[in-house]
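Heads up, the next two complexes both have chain A, just with different partners, chain B and then chain C.
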Partner chain A sequence: WDYRRALPYLAFFCLFFFKMEFRSCCPGWSACCLPFSSCYFLTLPDKMKIKCRFQKAYRRALDHEEEALSSGSVQEAEAMLDEPQEQAEGSLTVYMISEHSSLLPQDMMSYIGPKRTAVVRGIMHREAFNIIGRRIVQVAQAMSLTEDVLAAALADHLPEDKWSAEKRRPLKSSLGYEITFSLLNPDPKSHDVHWDIEGAVRRYVQPFLNALSAAGNFSVDSQILYYAMLGVNPRFDSASSSYYLDMHNLPHVINPVESRLGSSAASLYPVLNFLLYVPELAHSPLYIQDKDGAPVATNAFHSPRWGGIMVYNVDSKTYNASVLPVRVEVDMVRVMEVFLAQLRLLFGIAQPQVPPKCLLSGPKSEGLMTWELDRLLWARSVENLATATTTLTSLAQLLGKISNIVIKDDVASEVYRAVAAVQKSAGELASGHLASAFVASQEAVTSSERAFFDPSLLHLLYFPDDQKFAIYIPLFLPMAVPILLSLVKIFLETHKSWKKPEKTD
Partner chain B sequence: MAAAMPLALLVLLLLGPRGWCLAEPPRDSLREELVVTPLPSGDVAATFQFRTRWDSELQRKGVSHYRLFPKALGQLISKYSLRELHLSFTQGFWRTRYWGPPFLQAPSGAELWVWFQDTVTDVDKSWKELSNVLSGIFCASLNFIDSTNTVTPTASFKPLGLANDTDHYFLRYAVLPREVVCTENLTPWKKLLPCSSKAGLSVLLKADRLFHTSYHSQAVHIRPVCRNARCTSISWELRQTLSVVFDAFITGQGKKDWSLFRMFSRTLTEPCPLASESRVYVDITSYNQDNETLEVNPPPTTTYQDIILGTRKTYAIYDLLDTAMINNSRNLNIQLKWKRPPENGYIHYQPAQDRLQPHLLEMLIQLPANSVTKVSIQFERALLKWTEYTPDPNHGFYVSPSVLSALVPSVVAAKPVDWEESPLFNSLFPVSDGSNYFVRLYTEPLLVNLPTPDFSMPYNVICLTCTVVAVCYGSFYNLLTRTFHIEEPRTGGLAKRLANLIRRARGVPPL
Partner chain C sequence: MESQKPAGLLYGTASAPSGAGSLKPANMAVTYCFSRLATALVAVLLLSFGSVAASHVEDQAEQFFRSGHTNNWAVLVCTSRFWFNYRHVANTLSVYRSVKRLGIPDSHIVLMLADDMACNPRNPKPATVFSHKNMELNVYGDDVEVDYRSYEVTVENFLRVLTGRIPPSTPRSKRLLSDDRSNILIYMTGHGGNGFLKFQDSEEITNIELADAFEQMWQKRRYNELLFIIDTCQGASMYERFYSPNIMALASSQVGEDSLSHQPDPAIGVHLMDRYTFYVLEFLEEINPASQTNMNDLFQVCPKSLCVSTPGHRTDLFQRDPKNVLITDFFGSVRKVEITTETINLQQGSEIMESSYKEDQMDEEAMEPLKYAEQLPVAQIIHQKPKLKDWHPPGGFILGLWALIIMVFFKTYGIKHMKFIF
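After this line comes the complex of A and B, so read on.
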């Protein structure tokens, strides 16, 4: 029973791969001459360097592409440029247009589209190559992995310092998420609140989650809770005759409510809660104030890794001639705008750093641009690899320190599987296959956690060697003392008797 | 940690029609009721029922939206494909002989029985996961339910709701008699109620009064029911029931008038706005014939008569949704008062307080002629502190003899006597009239064998410790301080040795 399979030790370094394809419809341009390096390093706070590599491919624009690029506006060009097949994850197509083209507004030099395409204006200048090269690098970096995205993803694994504490932590990577929308009505005698949550979920949330489906399984629920109060008493502001919640009170709001929300009993995925609070008649209208004392425009706030809360004030006109309770129909468009924006922030899909003189297109109807999904998958893959590696390393260190732990065959096979998945994921990242790298990294995390948290590891843990001594010594030591002493006496006597004949001789 | 979110940077294109369409009408309803039943022994039983009916199909996977039906239970039904779930926590035992038949009795401890749908492939695995999840929801140790205390009844526990076919393979039943009910189990149970102890009948559910009872049982029942009389579609019904029996002596201090305030230390202030029906029923059956025995205040406006559990009963109805009964200025406090004490006589009981006062039980009873009346008291034996035991603890402890004082009717009427004139044996007890005489009888004292600890254990421990210490220390001391001196080998018989001993004692050199 006391054998341990040998576990492999692994070293892990990461290499990213990013494919860019140039299609030019300007005469005389050749991307091979563009002088930007195809390999650069991202530096993270722990002096960890991650190597990113570009692969460039260049060709002239085809006829239909030229025709599309000479249309009036960028949106039309996008529509006409719709590729028959989706571009692979992790790739980018850059179109070069001539300096005088009217596709972009006159002062804009580049454009980032919603579907992994970008348009860059070429110029005739002495320093043309350098300038265009810089612009392309800026566009590419805006649409791909940057240091802050990586740092936010690895926030759990990097040492705490001032730099990382300021970053808002996105949700931890998990196989799936459960999203719950709750309507809190603390005063059902005054407000009879109705919300068409089914339709809103179907129209607004489900398309967004379908776009994000590569990142995990999502399930959506909703509920209405009555007599659920916020734990904080709002203060009255006589200037605007309204109630307000200070920014310092906001962290105390969540805890009393959370006990009513009902943690998900039926699934193991982390839960994101979105609460819509209709304040009671005595505390209407209620506004949230930011640190300057001004009411927040959306009247909502979110807490990283937990969810968001929005306060919905009932229009005072509805109280006029009616008897209590007043029927309130919630405007789901306004509510879903806020909740979807909070959902994006919770996932860490932040605003990209748009380079100067660059036009950023509006999002698609689902609310998510394709290259934003790529960034999310990259960040998640890195986080998964870091988690899996940390878990396996901790397991190895634990085994080194405590020699009493038994490693069974299935635990060992999980460890091997985790290591293989980590290596596969790193390899796929290096060759640019983002989707399979992400799947492999998820598998690595699952296998490593299953190996580390296996209950059979603790089976014989609490029988260390010093306890064995502690049991047997009180019994044998007192018995052994006279025996030892008599042995010593015998030895001394024989020694003396040997010496005596020598002496007399 | 929390931050307000400026939306100015982000523009979302939300296509689709404006989200102003009206929501569907609510598809669930709540009814609550409380039944107050005065029991023949002077106690009062109160039964709460909160019923939520949800007109929905829970079987399809997908998004689920909950309003009055609690989300935790709805997710359980859809995840584990339940058809019926019955879970109860009980403390105490319903004494049918004294209290009458119960509406719904539950065994002492925790009981869980579940019918699964036919689509479930591995019933045992689902049963194990379900009991673990329920133990988390209700803060109870239901995770101890495993194959050693689960059975599959083949004939009883048929489904209480709608059922097409009953293959008992999908039924599981388990009881944990050791499970103790306390406030920790009541709080999550109350959280499942839509009005959640803030309005309506759930205001009365205060833990400190509810657990000060002889019988406390709370249960959750989920089953599918017909939506209408023709049974064209199915709804889910969730019933949460709570039954308590207030003891006349422990709670009522022996007095036989009850009110809601006396029982629950609360009165009803407002109805639950989410309930479509909210009523209090008071059982006025046996006291309806002669109206003077039981008085109910405020007087009921409507009554309800029906055959319940085999007998005809009459109930007084108080409707909380009726604004004449209860509004912002008036609370509803239903009072029951016995005008004439019931036939059982007078009982005075004073419980004991440890090391302060003993039990006192006084009863005034009428003994029927030619009969035997038995009075029995249950008691528990407890351990005393070890200094409080007498030197002969195994003899037992004495319970003082009982006293019976009676006015025995005289066969022959006696004349009242003058105190000074009559002989001494006739003037022991004062006699008011000649038709009966006073007698006081005593029983034997009762010798009770209480559990005694083993008083020899301290002695054993001391002996063992002293032996070990003495052996160890003694050996060491011996070894360390032993000195050796040469001794002549003895050559001589026993007599010579004895003579040497005597010589040594005399101080004379030995032989």
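After this line comes the complex of A and C, so read on.
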């Protein structure tokens, strides 16, 4: 059966909503007088406006919190303030301390912590409320959605802006991701390389992926490839008696290796490849030079939407007096530091816009701050909603243009499901439930893609009018001539027989 | 954004000293020299600043004109079958070979060949497909991966590949898994006419269907930029109807013209290549992954004197200027690369590391010797007796056939023969 359902116009002014809770431990502060509006607009290119709303809650700090906030350093305070239950996604807790508190270094006015908490210093000033209000808004914006995060998420659907590498780098939102670690050993005769990848994954990568588990399913695998060469010959630098790879050569390194990685056969999810290359003895040590000619500290580079490569140089001390092949134990900590940083970049965990005079704490041991996950989920939800909406709209346009496509029942039900999921996700975003909004947006994308890419929707029959005439006229015209003539004859006869009785009467 | 000092400032200041020459003659010489010196100094300074600014401008210009793609795909289609269409298979395989040589991996190439020339019984040199007389270049090679072969090359499958509406059981090598940052090269060759291309001698794809398929791809953002090359008779008619953005098209001949083949080979007995693709292959053989040749050079390949037909191209739907589009943007796979400058601080758990290392060692020693699992019960299979099939009476078709034969026999020779049976 065929249906033409008018898709609901999903106006794209969805509200974003998050909760902020103020806990003040400065005497004489009534925080409810802070004059910042609880609603502001983010403006994207193409005049799209998105409304963000805060919900504020205030209270004085409890005793144990006051005690924690009067400790010596922020890290101790953080440890003592550790909440027994995790705060909900999309919420923020802001602690206000007095002007003379020694919790923060003297010149720092605010601090952003790794677990959805922030500390803002109060001041005694005529314009105190305005200044503090501005600071709080800046801190809140750094920890939540900003225009560039949204613009990056919606990059497909906004007019092209070609010169931002940040927008092209992250992976598109998907249900799951596959991460492959490969060790490339081109010279097994000289290096007998061992890496404790399983342990390193268990200790460093798995906690990071567990922290990110709300954003999708992850699967990790690893392999060792022997005799896998880079496609480029490194050049010798006599000044440091080492070999180097110029930045211009780096793009050509990936292709010869990629066909041997075998990663694309594994699953339908997007794959991120992380390669660790141990250069051969003839080309050791090997450094990567950036465009100024200086060796790169991490000795690694990455390619957007593909993965990263790190060159691991064997310590020259291991060669002394030993027989080839030398046993090389890879220092997994150093390697994982680089790979996790690359994973963060490739995943689109953007650097926040830190407000002036603000101290940003480093990420926790997992490598991911909780509010960074919130930003990622927000950006992904927006991206999913935009994708689902455009898919459904183009499906409707397709049906409008080609009138003889038949819509089966299951395609129709997928479309209904997608629309319901989009509405649910927008509603959840407006009420601040980030996790369920993200799940609903993923469902919306899956259903809309299943409906759009259903194999039965292929339209094959283009039948122009002149071809219709050319096919049917030679068949029907000769047939039609005697039929028409006999019809005319019958008509004339009946006409005559009607007339005859009149005449005789 | 850097403020860019326009180069015109240089000219402005250089013309200043001409007004200084109107003073008294004695001072005039001195002041003139002095002002000349000053302006020379200023000019030198501005020149150096200008060159610095110019390099900044160049850097930004490079960034601006660079393509925004991160991966490359190629869909190469040969639509004709039969031995005398050897040249179409050779065309497609030469483009396949160039594309692979310049870096696109097999997993990103969808190769559709409508007939098998290399193992054709009429091929005097089996397992080869030559593109040049005197058999200089075997484009079949050792590592060809054909994704759609022989009767699988149909209009329906081609459109399914392009639009992505593929049944879920299709293997990954037969899918076009491009995304919004993919540059796709689509090459089609075969026999064509005004507005259509013939597939397998039995069906056609029209230019409107192709344009609609590209629009579907654009709606779902399955490509960043698309290069469409077609080598058939009246090939330009196939790109007339495109209306989606970011498509560049090349054809070997205009409407009303025929594309001609290059040269026959007396040993193989057929024409080996079409002229347009032959010259394109010669052009591509000189390109390497690092070359900076742009699309304007590709437009000049095979002028009318060599090709007899007039190659055409269409760039109005393409946003960038063709002279800024590198050949390797479509034919090769040059990745964008960034240096990793940051790391994360991880705490070291060295004791844990040592103990787990010891555990691994012990695990290695304690593992059993490996053996193959029992996969097939070979002994059972060998010694099986053949199964007795039940006997069924002949079915309706056989009965009907025999009844027909008997009736015809008796009709022809007369009913009197019936009495010999009964």
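Please note the rule applied: the second predicted complex is superposed on the first by the 436 of 505 C-alpha atoms of A that agree within 3 Å, B and C clash if a C-alpha of one lies under 4 Å from a C-alpha of the other, contacts with A are read in each partner's own complex, and residues count from 1 in each chain.
The rule we apply is simple: a contact is a pair of C-beta atoms (placed from the backbone, for glycine too) under 8 Å apart; a residue touches a chain by one contact, two chains touch by 3 or more.
Quantities reported herein were computed from a predicted structural model and do not represent experimental measurements.
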| item | value |
| --- | --- |
| Partner chain(s) touched by A:337 [first = chain B, second = chain C, both, neither] | both |
| First, second, both or neither for A:188, with chain B first and chain C second | first |
| First, second, both or neither for A:488, with chain B first and chain C second | neither |
| Partner chain in contact with A:303 - chain B first, chain C second, else both or neither | both |
| Which superposed partner A:457 touches (first chain B, second chain C, both, neither) | second |
| Which of chain B and chain C A:199 touches, first, second, both or neither | both |
| Which of chain B and chain C A:478 touches, first, second, both or neither | first |
| First (chain B), second (chain C), both or neither touched by A:345 | both |
| Partner chain in contact with A:221 - chain B first, chain C second, else both or neither | first |
| Those residues of chain A which chain B touches in one complex and chain C touches in the other | 168, 196, 199, 203-204, 247, 250-251, 254, 259, 264-265, 288, 290, 296-298, 300-304, 308, 332-333, 336-338, 340-342, 344-345, 362-363, 365, 367 |
| Residue numbers on chain A that touch chain C, as the complex places them | 156, 160, 162-163, 165, 168-169, 172, 196, 199, 203-204, 247-248, 250-252, 254-255, 258-259, 264-265, 268, 288, 290, 296-298, 300-306, 308, 310, 332-333, 336-338, 340-342, 344-345, 362-363, 365, 367, 390-391, 394, 397-398, 402, 452-455, 457-460, 462, 464 |
| Residues on chain C engaged by chain A in the complex (per definition of touch) | 60, 63-64, 66, 68, 70-71, 103, 105-107, 155-156, 159-160, 163-167, 172, 179-181, 206, 208-209, 212, 216, 219-221, 289-290, 319, 333-349, 352-353, 356-357, 360 |
| Contact set on chain A toward chain B in their complex | 168, 180, 188-189, 194-204, 219-224, 226-228, 247, 250-251, 254, 259-260, 262, 264-267, 288, 290, 296-298, 300-304, 308, 325, 329, 331-333, 336-338, 340-342, 344-345, 351, 362-365, 367, 478, 481-482, 485 |
| Residues on chain B engaged by chain A in the complex (per definition of touch) | 1-24, 63-68, 70-72, 75-76, 78-80, 133, 136-137, 191, 194-196, 198-199, 270, 273-274, 468, 471-472, 475-476, 479 |
